[in-house]
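Take a look at the structure below.
Chains here go by letter, A, B, C and D, matching the order in which they are written, and residues are numbered from 1 within each.
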Amino acid sequence: MTVEIAQDSAGHAMQPEDTPELRALYKAFQDNHLNPLWTQTGDLMPEHPKPKAVAHVWKWRELLPLAKKSGELVPVGRGGERRAIGLANPGLGGAAYVSPTLWAAIQYLCPRETAPEHRHSQNAFRFVVEGEGVWTVVNGDPVRMSRGDLLLTPGWNFHGHHNDTDQPMAWIDGLDIPFSQQNDVGFFEFGSDQVTDYATPNVSRGERLWCHPGLRPLSGLQDTVASPIGAYRWEYTDRALTEQLLLEDEGQPATVEQGHAAIRYVNPTTGGDVMPTIRCEFHRLRSGTKTPNRREVGSTVFQVFEGEGAVELAGQAHKLEIGDMFVIPSWVPWSLEAETQFDLFRFSDAPIMERLHFMRTMIDGQAK
Amino acid sequence: MTVEIAQDSAGHAMQPEDTPELRALYKAFQDNHLNPLWTQTGDLMPEHPKPKAVAHVWKWRELLPLAKKSGELVPVGRGGERRAIGLANPGLGGAAYVSPTLWAAIQYLCPRETAPEHRHSQNAFRFVVEGEGVWTVVNGDPVRMSRGDLLLTPGWNFHGHHNDTDQPMAWIDGLDIPFSQQNDVGFFEFGSDQVTDYATPNVSRGERLWCHPGLRPLSGLQDTVASPIGAYRWEYTDRALTEQLLLEDEGQPATVEQGHAAIRYVNPTTGGDVMPTIRCEFHRLRSGTKTPNRREVGSTVFQVFEGEGAVELAGQAHKLEIGDMFVIPSWVPWSLEAETQFDLFRFSDAPIMERLHFMRTMIDGQAK
Amino acid sequence: MTVEIAQDSAGHAMQPEDTPELRALYKAFQDNHLNPLWTQTGDLMPEHPKPKAVAHVWKWRELLPLAKKSGELVPVGRGGERRAIGLANPGLGGAAYVSPTLWAAIQYLCPRETAPEHRHSQNAFRFVVEGEGVWTVVNGDPVRMSRGDLLLTPGWNFHGHHNDTDQPMAWIDGLDIPFSQQNDVGFFEFGSDQVTDYATPNVSRGERLWCHPGLRPLSGLQDTVASPIGAYRWEYTDRALTEQLLLEDEGQPATVEQGHAAIRYVNPTTGGDVMPTIRCEFHRLRSGTKTPNRREVGSTVFQVFEGEGAVELAGQAHKLEIGDMFVIPSWVPWSLEAETQFDLFRFSDAPIMERLHFMRTMIDGQAK
Amino acid sequence: MTVEIAQDSAGHAMQPEDTPELRALYKAFQDNHLNPLWTQTGDLMPEHPKPKAVAHVWKWRELLPLAKKSGELVPVGRGGERRAIGLANPGLGGAAYVSPTLWAAIQYLCPRETAPEHRHSQNAFRFVVEGEGVWTVVNGDPVRMSRGDLLLTPGWNFHGHHNDTDQPMAWIDGLDIPFSQQNDVGFFEFGSDQVTDYATPNVSRGERLWCHPGLRPLSGLQDTVASPIGAYRWEYTDRALTEQLLLEDEGQPATVEQGHAAIRYVNPTTGGDVMPTIRCEFHRLRSGTKTPNRREVGSTVFQVFEGEGAVELAGQAHKLEIGDMFVIPSWVPWSLEAETQFDLFRFSDAPIMERLHFMRTMIDGQAK
């Protein structure tokens, strides 16, 4: 244990004199599995969040070739479970954590391959930035994956994937693995080594039951912890965003900010977030729009879906193209700027922050 | 005050002897605005709900001609406000109450007519069993009314109607007027003598913002007491019911009961009922389906939308055709039987009963 | 059906001409159990609540002797169930309704008498303005009744009363009988002809389990629709009010308004109202305090517990002494004035109004 | 990055062959801040929680002397803020974390000392196992600390401590520092270098307003995120537990299990946990009682308050005396055994687990 010297706001040290007696005390602490607060107050309780995780951008043009190469070299099957390559935040020591709470990965499935079924406490989703041809089978319900779709596999639902085509397919996975790992909440169970249903319907059973706006089946009146919708289709997302911008053109309140349309994916049984730990959203900026400077508690990940633009992360601008992903750790200031119409998928740990009442937001320096 | 003699379950009277002294006491009660419980216990607190309202069927083929005749004789405008003819439950002494809580009416608008704008605490909806060509303008948002659509005007929203065509149009109105009247909760305010917007868009602004399955605008994250959706379109209702029956065909759980598909219209911000006092549902029975015998606390109204069948109300069967309406008072047993595919719109005061914890349901004699 | 002529706000009639054809139409309405809106719009949908119920004061010095006389003349037992004399609002045609939703009665039990056990959907409470010696047995748990105590018997709990002394005892009963009766929600079941337990403990089992501030038994983690506390003791109520006034003396925020301390009785499992339809509160005014003018949706009843003062009801002042009761119908303006320290028990139907989102409050002419 | 070989349930490796090409791929992953799932699936997603934290017991007779020694050698004041010595879980690498989510410390204040005011997002409580004489000033409200009391300082409330006596005092602190640190949610602000009020009232203002069973001030009708009660007094806790055991003696349902009384400290505005991340409870076992074997998701800490007994942690028994503390990491099986009447204070991160829907409980091998 290093004896660090904390200071007050004016820089005055309030630490004990370094004597043999003190060293003996500190040794006794160590021997008894104790650790004093006064040597580390500022570290444990900083003035504002000072994440170890850093803001970082991963380029799709680098991710995709590595995923393809993995497709050539690495089998997919029981044990490894998934050919998923996790984004490892440079500030987090190499662990496959994009942030302290979130996992983000590119997953790759070769032609005709199957990733076997399993289930786990961890909540998961997939988002498809390009391609098609894979079905995710969730508790026996085959769900088509296509460009722009958000697919859910909430905690403790069996799921596997299979590629029904002669083309490989890549997509991104988002999970709460780091949160789960850190807080020891995860259970895991193997399922079928294949998927339980190789049918390839265009629309899943969950969608057929639940994707009718404002309507709820009488057979489904019990609220559920996570959304019963397996796939949020691009067709609906795109239409919702298009309408928001048209309404804005007509002078109607509809967008978040001028030139900035956005939807949140929700659990239709409650109107709340799709899963207890993960928020999913889609944002569309008109060409030329720059969003205000924002700081939020909790971490968030974006993937560019369409168009070109840039993100300013802690004062540094990064150009962005289709498929690029970036992470914004807690309280790091950020804003987006669109060079063309600019479409971005977003996910975050905001439900954790809100449910535990840690959320704070600052927009252009003002608490919101 | 009549001195009635209550009895216990075995028929034993527990009433005082009728003496001059007792009569003097009862006279003193009356003079002091008092009324004893013991003379009326069974009336005030029956073993189970014994509504004054009775089950009753109104035939569309009788309603519609009277509405048309009203169109000829009665102007629509400020003061009378609406050419609406209320269903008066035969048990409720002629008042325009279909049940103690609910109002149901046929409303009629002649070609090119306008029903002026107003707002009130009472929650209201319209359901269209036939016709088209009228727009309801809700807080300035014009909402098209077409066959099979459910239109909402929740409490304290300005609304008016105008007929944009050369054909008259009739539809049904549902409100909580009796509840509001009985419990003294209503406020009312006149608005424009015209409607504020005579545009006739196919889709209202509320729908454009909110009718995307599983998606919520970021500009609308605050939960609302009533649904922000102005129109629930037949296209979606029909598709949801069709899918439920197809899923049933495939052996999947989707329907309420074998052969009985049903949806509840919900507030997308909460997943709950569309308005605080009124529940709206749509039911579809396969030809030949007979639903179990059901008793529920609270009152409900049905309108046949399509097909033929019958309802058994307190043991008596009534044949039903398109447009026919019937009311089921609290705890009256009922079941439906379909001769063809049989589509029915339903509304009820169930949110009142559930929020105040008075709801009970019995199916085939079993508490549910 | 009388043809009444409604008018718009400027007094212009918008009614059809009175022709034979119109009379025939109105006759047809009647024959078909229909009733037009346009002849009664203003009645059904007034600008603000215009209750039939009126504000009224009942004097304890008149109530109590009549209750005593009933004790002499009227037996208590199965069938009549309770020797309870209901306050009949002069505006409600003689029915034993203090308001459209609430029942208020004085109940009287002679020495050694038992009022037999029963249960009903209706929610009930007792409040004791004077006396002691009766126990209410709620689901087998004997609950002592003493001056200043609030006793609950929420819907569907068996309950009976017995007087363990040689003195008679009177108290007030509050229930939602009119609401229940009007809306057909009530069930009733006879229990034991005696009470199931004649023990006379000082403290009930419910209190022993639940009346520890801020503590919840691990055996009672499930939230309940109504409070599990059978008796809210005067000792605690008095202490809470005393502390509020002392804190006010110390310049701390604690009272509702200057000189006006108040508590709400709550369900400890939720922090909400004690029962789904009835709110109970206790108010204490310092001598000389006059509360602002208040209008609220819904009806409320007060009973003076201690001290002297007055209530102004719709502009008319009424002097008040111990035991006096008064009702304030919906939207009737009122204020209290204290000549001495002035203690009042209050109950109302506010949970109904709030849960159904009809509540509005105006204080000194300002919407609150 | 080490290449670890995961296996399926039957022990079959599903890993790629170790070739130069694979090594090049893995090198490219590292260079691009990527990390594959398939080499670590079992670690990231274990079959059940496999915490790094271990079950561990700290003996009060070792803690207290070290705290006293710190009192001699270490000043308390701005910068170090508190003379608090954190329990460092032996499995967590020396960090002052008793578990991944929780901080537990012994704090020590010398005669007449003041620990200065500050506030932070982290939620905190104190529990007093022995001694008295210190007041915690929470947002200006001085709160007496005495044996058996639970004191709250929820997130973002200013608080300081001062010792009003000539005796030192020790107590335990519990916070969500590790959770806050790990997830980057913490804000911190210095307050007064002294406490803002050196008064030493027996009862705090918060208690005077809120500690009346079943009563809520009308000035406090808004629900709060954390409890408004600053101190939960031993007198009430003891009485609640005593009553539960007496009720059990009378054959009434009151205890959790035979011989096991327990209360949860709650927020009176909601009936829920005292703070959004920390649950506090107090348990009392009759002499001779042994609780069933229990496993729960999330971590928990106990401190013995009175009596003697033992805890079995993952199959290993540990004798316990007054003041001893122990931590149970997620899913570690445990049971308590009482040699005398045995009183224990408990706190845990259960609100996190429940709000995020990760909670699972197993009792004697059965999912509960």
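Convention: a contact is a pair of C-beta atoms (placed from the backbone, for glycine too) under 8 Å apart; a residue touches a chain by one contact, two chains touch by 3 or more.
Small disclaimer: the values here were computed from a predicted structure and weren't measured.
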Furthest chain, CA centroid comparison against chain D = B
Between chain A and chain D, tell me the centre distance in angstrom, where each centre is the average of that chain's C-alpha atoms.
-> 29
Centroid distance [mean C-alpha coordinates] between chain D and chain B, Å = 52
In whole angstrom, the CA-centroid distance of chain A from chain B equals 44
Would you pick out the residues of chain B that each touch at least 2 other chains?
-> none
Chains touch one another in the pairs A-B, A-D, B-C, C-D
Per the touch rule above, chain B residues touching chain C in the complex are 1, 6-9, 12-16, 19, 21-22, 25, 28-30, 32-41, 44-51, 53, 56, 58, 62-63, 66, 69-70, 73-90, 94-96, 100-101, 105, 120-122, 155, 177, 179-190, 225, 276-277, 297-299, 329-331, 349, 351-353, 355-358, 360
Listed in rising order, the residues of chain D that touch chain C in the complex are 205, 208-219, 221, 223, 227, 229, 232, 236-237, 239-240, 243-244, 246-247, 252-256, 262-271, 281
